[in-house]
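Labels for the chains are A, B, C and D, by order of writing; each one numbers its residues from 1.
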Amino acid sequence: MQQSEGRVPETRDTARLEAFSDGVFAIAMTLLILEIRVPEAAVGGTNRDLGNALVALWPSFLAFAASFGTILTMWTHHHHLCTLVTRVDRRLFLSNGLLLFLVTFVPFPTAVAARYLGCPAARAASIFYCGTFFLLALVYQVLLSAVAREGDVPRSPAAQRTLDAVRRSYQMGPLTYGLAALIAFFSPLGGFLICAVMWVFWSLLDYRNAARDDI
Amino acid sequence: MQQSEGRVPETRDTARLEAFSDGVFAIAMTLLILEIRVPEAAVGGTNRDLGNALVALWPSFLAFAASFGTILTMWTHHHHLCTLVTRVDRRLFLSNGLLLFLVTFVPFPTAVAARYLGCPAARAASIFYCGTFFLLALVYQVLLSAVAREGDVPRSPAAQRTLDAVRRSYQMGPLTYGLAALIAFFSPLGGFLICAVMWVFWSLLDYRNAARDDI
Amino acid sequence: MQQSEGRVPETRDTARLEAFSDGVFAIAMTLLILEIRVPEAAVGGTNRDLGNALVALWPSFLAFAASFGTILTMWTHHHHLCTLVTRVDRRLFLSNGLLLFLVTFVPFPTAVAARYLGCPAARAASIFYCGTFFLLALVYQVLLSAVAREGDVPRSPAAQRTLDAVRRSYQMGPLTYGLAALIAFFSPLGGFLICAVMWVFWSLLDYRNAARDDI
Amino acid sequence: MQQSEGRVPETRDTARLEAFSDGVFAIAMTLLILEIRVPEAAVGGTNRDLGNALVALWPSFLAFAASFGTILTMWTHHHHLCTLVTRVDRRLFLSNGLLLFLVTFVPFPTAVAARYLGCPAARAASIFYCGTFFLLALVYQVLLSAVAREGDVPRSPAAQRTLDAVRRSYQMGPLTYGLAALIAFFSPLGGFLICAVMWVFWSLLDYRNAARDDI
């Protein structure tokens, strides 16, 4: 692996890893909708029954929106990271593969949360959901350090600043998701909601960093 | 975010957003077929039974065709919009993300409409379906204005005319889908059919604009 | 539509249509596997029970292989066609959209055939399956004539020969699939098997044309 | 086919085959998660019930990880192979198609293994799973020899070394998976675990080759 990657034109190599990762992100995001099942309870019932059945799906809609938003934000940051990569080495390749593995996994805890948030077993479902994002945040740290280290190549100041901004906003990732998992122990919906809105927060934080840099 | 996007080569940035959006459009369109389930009722029955069971799936086929046509048309227009974009700023990125979110959501109301159009709860199903496209049309307006505003860069007259043509044909979008949702209140199938054929109308309208411009 | 497509750089336009079509082909092919369900009958049973349950899925495996082979062959030919296209006009766009619509539809008749080939209603299932491919073959003819006509641009002799070879091998498409649908009326498995092996024949035929041209 | 492929610009041809294959790999990997179903048993139960139900899904998680890792490794090697291909001939195209067919098939034996590894019929499920990977390894050999032979074009020494390294690490593929299928006859979990970890071994082996070449 190592041996060839240094020799083939690097842009092509990076481009294909990017395209492949994009594909996995896009498919994982789109598959989320398959976990929302058409309610069968109202087939013989009235319009009000169907309306109620749709409203009762709120945990599914919420979980769908939360996971979609998180993966989309993660894709954006991944997209920025890739612009900084000039050479795909083994470490980068493996940590990227591990990230894709967890991204692909996300539809399952999403479906579990959607199914169980309104049930007595909500706590276990919420911990499972938050725990997955905790793992994702950890793996993202590994990917970030792989990107940071792969550059024996000197980086442009602008590229370095982008990388630093992404790293800063992700440093709190494992902490927040770990905290969410803890909170889920006492308040299942609380922990879940933290995961659900974190991606909005990340975007804002990113924005502030960018604004500060512009001064 | 802002900070890096202005610095990396812009064509690459736009190209990756385009490719990612294309992926989501393509997957959402293709997943629609998964909502049509094989009828199990005729497993022990005659050929006539299976024939009848397939014919009884007409709401599924209709909903599949309607959503496929609408997403494909939306992709075409999206595709034209992207040729006008030279720089992906935050506003464009977010409105595009919101559009992809709703496009990804489409298979669910499609399945609800397919399942309930022949049931007593048809009205609720049809309003849900039309309402989703109403939201989509609204978000498309936001995306259009994001594209229109992002160009501090002067645009070529041809590009400006294309943008104007797309905006003109989409201005009636929220109105028509809002009207369809209203009609669905009185005639579920009526409202649904308006959504089902609107994309044909959009194409024709687009065509007329093009023809007029050619004079 | 027309108006912009003549003005944007053409290679980019064609490339994006190609990439989008490729995505739909790839997803439709891959979704076919979801229609093969894990047999539940042998959960409490012996290894022999599971073995028998897997063998009893032969119509599913056959239908999967048949549809996969056909879509892959169709993609190959589509891929060759695209190399001949220099400008995406409305006619080409619409016929390509119609083709993608039917390609996306294929998993459903495939699942119906897989489910019903061993049932009393096999005839209806087989006619439905063959009928879908008959429609696909008709639409392919429309696409071919759209490609043939779009070239006001003079074509290279090699390109013209490729186009002629593809057209020749597809001319018999509607005929053969129509015949398969007729045969399915008398022998459900017979009609189905014709559809299942036709793509092999197409490849061979294509090969012979190529060989002949080489002389 | 042959006739056109030699004439169109080759990089475009190879690039499209690569992109299409990447799409199929990415989709097949991502669809694996759909085979893990949300446990319904704990809907009325306690948090402990849901926890137990999730733990009881270990064969699903293991099968998901095993198949994901294998397809990802296969994609990596495929990705390296493609950098060596300058011309897509018929043999390469067909063997690549056969590989994609089997890659697409993987989610099914994965689901069977996940469902039956804890059942009395585990042996049949494990043999089916190992057998699929045995076939995949065989087809990969065919693809490798197609790549090796397609080069009438002289290859650079570096490219030749990469090809040799990939071939060396894959030569043991059919043997190991065949052995795994045999072991599965006596120890279902044993055979399955060999398949599950083989991709790690491949990566290491690849690494050692690379290290040796660096001397």
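Please note the rule applied: a contact is a pair of C-beta atoms (placed from the backbone, for glycine too) under 8 Å apart; a residue touches a chain by one contact, two chains touch by 3 or more.
As the structure is a prediction and not an experimental result, all values here were calculated from the model.
The chains that touch both subunit B and subunit C are none; no such chain exists. Of all residue numbers used at the contact between subunit C and subunit D, under half are used by both chains, marking a mostly different-residue interface. Between subunit A and subunit C the centroid-to-centroid distance comes to 36 Å (mean Cα coordinates, whole Å). Per-chain CA centroids place subunit A at a distance of 25 Å from subunit B. Shared interface positions of subunit B, i.e. residues touching 2 or more other chains, are given as 19, 23, 27, 31, 34. Residues of subunit B touching subunit C in their complex: 18-19, 22-23, 25-27, 29-34, 36, 38, 40, 42-51, 54, 64-65, 68-69, 72, 75-76, 79-80, 83, 158-159, 161-162, 165, 203, 206-207, 209-210, 213-214. Within the complex, the subunit C residues that touch subunit B are 1-4, 7-8, 12-13, 16, 19-20, 23-24, 27-28, 31, 34-35, 90, 93-94, 97, 100-101, 104-105, 107-108, 111-112, 115-116, 119-125, 128.
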